[in-house]
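Just below is one structure, and these are the notes that go with it.
By written order: A, B, C and D. Residues from 1 in each chain.
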């Protein structure tokens, strides 16, 4: 499943690229990790696809799968939205967490899935990110977090805002324990997620052209009257602005993460 | 639905005006007219108190938003200059600039040295622009971080005053990393080895607020608000109607009482009759006493205990149901 | 003695302001701490004047007075310049260090005197700054350093450059010990001094309109073709750029330092 | 006085050219001409070696400046990509930008994880501009600080390659605090709990160099230079004659040997015959071995010992006479 921005299925054998609109062989497209061979557009991945292309085969094991959101505010339509997202995606919330190995190195990981309510962070996502970082801290293993989120989940009110504090507090635990924490920004990494645990990772990688930004509509309006670069709020802009370490093509992500992980745990072993 | 505090308080502002006039008349009138004049004043006063009682006894979430934004409400520097002595305002992030939306420095609080930080609104047009409507830029949070580090280095407790609609959402702030600045400030607050007390005195606006509010004790004035998103923004997203702010405010439950009920803050500080803006002296005393009590409680905790207390408190925030894994 | 930029003596009773060129009563001028009553120009002070207006009366006691520069490179004309500076100023190098009290609080202090070879930092200045910071660290008392320097002392070659590292290392000692370190930038605070111990003080104050900058002639040339603010490389510019905490008028300096010192030592007592 | 390395090496460049031609002729010539051709080559080779011997056996300070600036000399990334594996270049200061004059990242050095940082020059015009002539801006030093902090957090030794004429002196760098950035980077290096080795591979230009050179071990290539001020700048100040660079270089004694004699560096690394630029392979090996030996020496020191060794070393730098106080 490719989430909201999924490459349109034409028929079984073909897909249409969301970037250049060209028709691609589905098999080649999938072998190319859902990156368009023509224009390089990185299509969004489901959490499962991400786990598959990143970690050692079959090494991912999910944790915290039983966590479910509670509609504590009885917020308009929240319950319905949750239920339909669960039905649509087959997961209970926007983040899937667990353990895996990367070239044999055990890691604690969390993968956001944008197709679940825009990857928004409520109590469940916050709890899973926190547990992921805590597991890394406790075992002194690297945490690798794939971000994809429009921001905090409004429907949980202040509880959602507090997930910013909670997840960031867990980063402090990683630092205290000396566990490396790597964040990967995928399209999009925004607002409350960007302004909390995502931005204080030890190393931040991003997929090309991912949307990376704090403010949504408001800034966009301002950007129309001001002169801003074409790639404003894109990964490349974030790189130039010094906010991320590296833009990494999807096919190079696994090996980059592997090098990083081996170096960063090496000093403490 | 009133859209501003002034609009909503109109009945009160009118009677305040009438009362003012009555008092002036009383000053000038002859001794024979005096009794009638005083009766009139008493009548207006009682009426005024009744209106306040009606309006303020059961403020709805939206009215709280309006009151929290009241232009005559005491702002961070009003508390700082009254409650602290020896305040030396320190500036600059040592990186790019000095943000006037966040103020801070060294000071004495009841004879004890502290670091104080606050989001500062402006009261007139120029001042509001100078303070960027208390919407802090990256350099504001980085100044706060620098002051937090100084507090840690010299073992000074931290007091922060939270009052912002949001962090600055502009293009420049984006390019200098407003997200990173907020996140780094939250992170720093969790790494501190000294006690921290945050007081939400007006608007606790989303990430912009939490950037200086991840404290050992979080206090909240009775009519202040604390929200994941401005109600107007929420309404715009949900119903494409920014004007439906009141409806959104109700849905978001952004009141102090709601935050306390959910364990997201530690204490609600009662406001004087008619709100903080009607009696600065009383509310300042309330806030001062609450800070004192909080610092006193934290005084006995070791650095490790302080970090742990902070972690445990925020760690517990969130409501989840945990079933056996279905997969 | 007012250093290079000293207000011109007209006769015994009058001086001419270096800022507005107006004629001032010497007595009023001195009572006003050598700040022009007409235009507010802060005239440079000798180390002794600075000590007198800053610390409790008679509390300053000099240390390290016996330190003298060695012309280790046999650098052209260095020896002569040193000797004439010593003769002119009555001090052995550009920094005078010692101990004093400020409203009763004991402090370790160093005061640069620009009239000694432009306040340049060679081995002696570096050693005195280092000892000043070390004394603060050892006794856990505040260090207050008044800066006034054109930069490193070229005539001591690489030895001078290493004073940047040495003095900054001493700041690390202060931090480790929890001793507060306050720097006061006076006119001018430049180059190698600014790019070392001066800029990493816990609190940085500056006198109004003091020159504060890294680069000299080169940047000035560039500034002519670029649009730069009128107060470029002035204390006010440094304040706007976030590099210093506060611009403090001379008459308020003592009380500001006193408040700071009492708060910063208060937490550790 | 030659003003550039190319000008100074002209005799050598000429004979290199002649040698090249002779070799081409030898390839094409008939077997009968072969002996004569080879003799010519041998003659040129010997002559070339003699010239190198003459020119390089006693390089004066100014010639060292020229050689240190040679465009064909190996730069930081040349050492990094050869001596290290698994290099992942990391970018950004998390504040403002990513400076290309300073590069750095995680890597393996002989199977052991390290953080590597270096000032990087450009070899062609575009690249030189991209690298800003290795003149780092505040964001470069702040990137270095971030990497140093990462090294400390994960207990990784640090290797830095120093090669800069100076820090960037521009208006923008000034306004973003180039002085603070350099000072903070020096400070951070002294606070590190991990071993650090700095190698001066070309120009060690004043504050810009010391910003990443305050290491436990400071190594210096034989023909590199280390100076408080560029000789041209010194000449401009002393004699109002920037062209008197050679005279100033002599006065400043900016050579590796002079620095070693005064205890300001730990080791001089010999360069291959004719300078590092004539034999990248050999000089890279020399540098690699020296880094390995230095790290090995430091390996046994505890974090506190490392801090103390660093402090004591730099603490001792300076020459003063201490008389009894005259006052």
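Please note the rule applied: a contact is a pair of C-beta atoms (placed from the backbone, for glycine too) under 8 Å apart; a residue touches a chain by one contact, two chains touch by 3 or more.
Computed from a predicted structure; not experimentally measured.
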Mutual neighbours - chains that touch subunit C and subunit D alike: B
Identity of the chain that, by mean CA position, is farthest from subunit D: B
Between subunit C and subunit A, distance of the C-alpha-averaged centres to the nearest whole Å: 51
Subunit B and subunit C, separation of their C-alpha mean positions in angstrom: 41
Residue list for subunit D, restricted to those that touch at least two other chains: 94-96, 142, 176-177, 180, 184
Subunit C residues counted as touching two or more neighbouring chains: 175, 199, 241-243
Chain contact graph, described as a line, ring, star, complete graph or other shape: other
Complex contacts: residues of subunit C adjacent to subunit D: 62, 65-70, 72-73, 75-76, 92, 122-124, 126-127, 130, 152, 154, 156-166, 168-173, 175, 191-192, 194-200, 213-215, 217-219, 222-223, 226, 228, 232-233, 237, 241-243
Subunit A partner contacts - residues on subunit D that touch it in the complex: 86-98, 106-108, 112-114, 139, 142-143, 150-151, 153-157, 194
Of subunit D, residues touching subunit B in the complex: 94-96, 138, 142, 176-177, 180, 184
Subunit C to subunit B touching residues, read off their complex: 175, 178, 180, 199, 202-203, 239-246, 256, 259-260, 262-268
Touch list for subunit B against partner subunit A, complex: 167, 169-171, 173-180, 182-184, 186-187, 190-191, 206-207, 209-210, 213-214, 226-229, 234, 236-238, 251-254, 258-259, 262, 264, 310-311, 314-315, 317-327
